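Letters are used for the chains, namely A, B, C and D, taken in the order the chains are written, and counting of residues starts over at 1 for each.
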Amino acid sequence: MKYTLRYFASLADQAGCAEEIWETTLSEPRALYTELSSRHGFTLDASRLRVAINGEFADWHRVLADGDEIVFLPPVSGG
Amino acid sequence: MKYTLRYFASLADQAGCAEEIWETTLSEPRALYTELSSRHGFTLDASRLRVAINGEFADWHRVLADGDEIVFLPPVSGG
Amino acid sequence: MKYFLLCADALDAQQLALELSSDRAGAFVSFEGRVRNHNNHRIVQRLEYQAYAALAEAEGARILREASEKFAIEHTCCAHRVGTLAIGDIAVWVGVSSAHRDAAFACCRYIIDEVKLRVPIWKNEHYADGESGWLHPDNTPVGTG
Amino acid sequence: MKYFLLCADALDAQQLALELSSDRAGAFVSFEGRVRNHNNHRIVQRLEYQAYAALAEAEGARILREASEKFAIEHTCCAHRVGTLAIGDIAVWVGVSSAHRDAAFACCRYIIDEVKLRVPIWKNEHYADGESGWLHPDNTPVGTG
């Protein structure tokens, strides 16, 4: 499967990019974050994050489809 | 004793003036309001009013001095 | 900084807000009371505010002092119109700047509530049918009784 | 009327407020979040806001819809800056008009609280000592752990 990953805030700093295409056999956001964490050294625990798929908040256990845009959202700090 | 009386809102309408000089033997705001009510037909009961003497809120039983400026204040409705 | 103003001319919210800015203020809350086109199911065309100016200014300043002591704010100001106002005009403006938003919201609300309760200003509404009348604090008519 | 905006340019509070006016609105409450010159005892020189724009706009609009249903208001709008901001700049603006002031105060407070909790926007503070860091919702640094 191929996913588009977009990174914001501290995750973008640690990934060293704002966006990447990722190929993997995984199809669940929770497992995908673990895989990406060991690749990029993400320090935020998944329990601190929310996940968005194709521009909407989603469940960590949703089954991903090829071509999905996935964003792991650090705790927000706007306002 | 001579007092300067200033009237606002419905009291000014009923008195037909914004200000008058009033001569009387009375020296207490409570009694003075009763006297003025029978002269001008004020319809607001004294219990609804506050009194100010020389630009500051005052007690209804304060002893008035010659030349005092006295204002009976209807319930306010600013804002 | 804190001050209370009675104004015969239109209130300029932007100008008033400018004077409350501070590099230490992360929050700014303002309230505007505007002339509505209706009250008690009657159509309002314009209204007049009359003030006992000397006491209104003294009591307004007292409210702002109390508010500054009660809440952790930077600056505050309140301005109230007197004279004739049209629909949509600003009748009263309150602005508060503070480091954090809790204090700005609570302080702004405190000031407008106290101003409406305590400052000697009276509202006379003029209706579409040609009548007019002084209002009580709850916006009901004083009437004749 | 209700809308949520992400803006790359300076927010114009006066312009935003204009669009919320209504002859039926007796009350208008606005909140401005401004860039403070300090946080956690460090001197802040400027900051940056980054947004996940598509989701931020959707979630912002959702908050305004909820607020309009929850409170008896006329109009509301919220605008949030993205990009680089200087001290004193408006980071976020919320305005609410309503017939009576209770609803305007409560609704304005609700919107800013929900925006800060839910809208995917992140703040990066740049300090006088040359360092910078992303912040948590409580304005503490994300750090490395």
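Definition applied: a contact is a pair of C-beta atoms (placed from the backbone, for glycine too) under 8 Å apart; a residue touches a chain by one contact, two chains touch by 3 or more.
Everything numeric here is computed off the predicted structure, so don't read it as measured data.
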item	value
Intersection of the contact lists for subunit B and subunit D	C
Centroid spacing, where centroids are CA-atom means, of subunit C and subunit D in whole angstrom	25
Subunit A and subunit B, separation of their C-alpha mean positions in angstrom	74
Centre distance in Å when subunit A and subunit C are each reduced to the mean of their C-alpha atoms	50
Sequence positions of subunit A contacting 2 or more other chains	none
Set of subunit D residues in contact with two or more other chains	33, 112
Pairwise chain contacts, counting only pairs that touch as defined	A-D, B-C, C-D
Subunit A partner contacts - residues on subunit D that touch it in the complex	33, 49-52, 54-56, 58-59, 80, 91-92, 112, 115-124, 134-137, 139, 142, 144-145
Residue ranges of subunit B touching subunit C (in the complex, touch as defined)	6, 8-10, 12-13, 43-44, 52, 55-57, 71, 73-79
Contacting residues of subunit D [partner subunit C, same complex]	13-14, 17, 21, 23-38, 87-88, 99, 101, 104-105, 108-109, 112
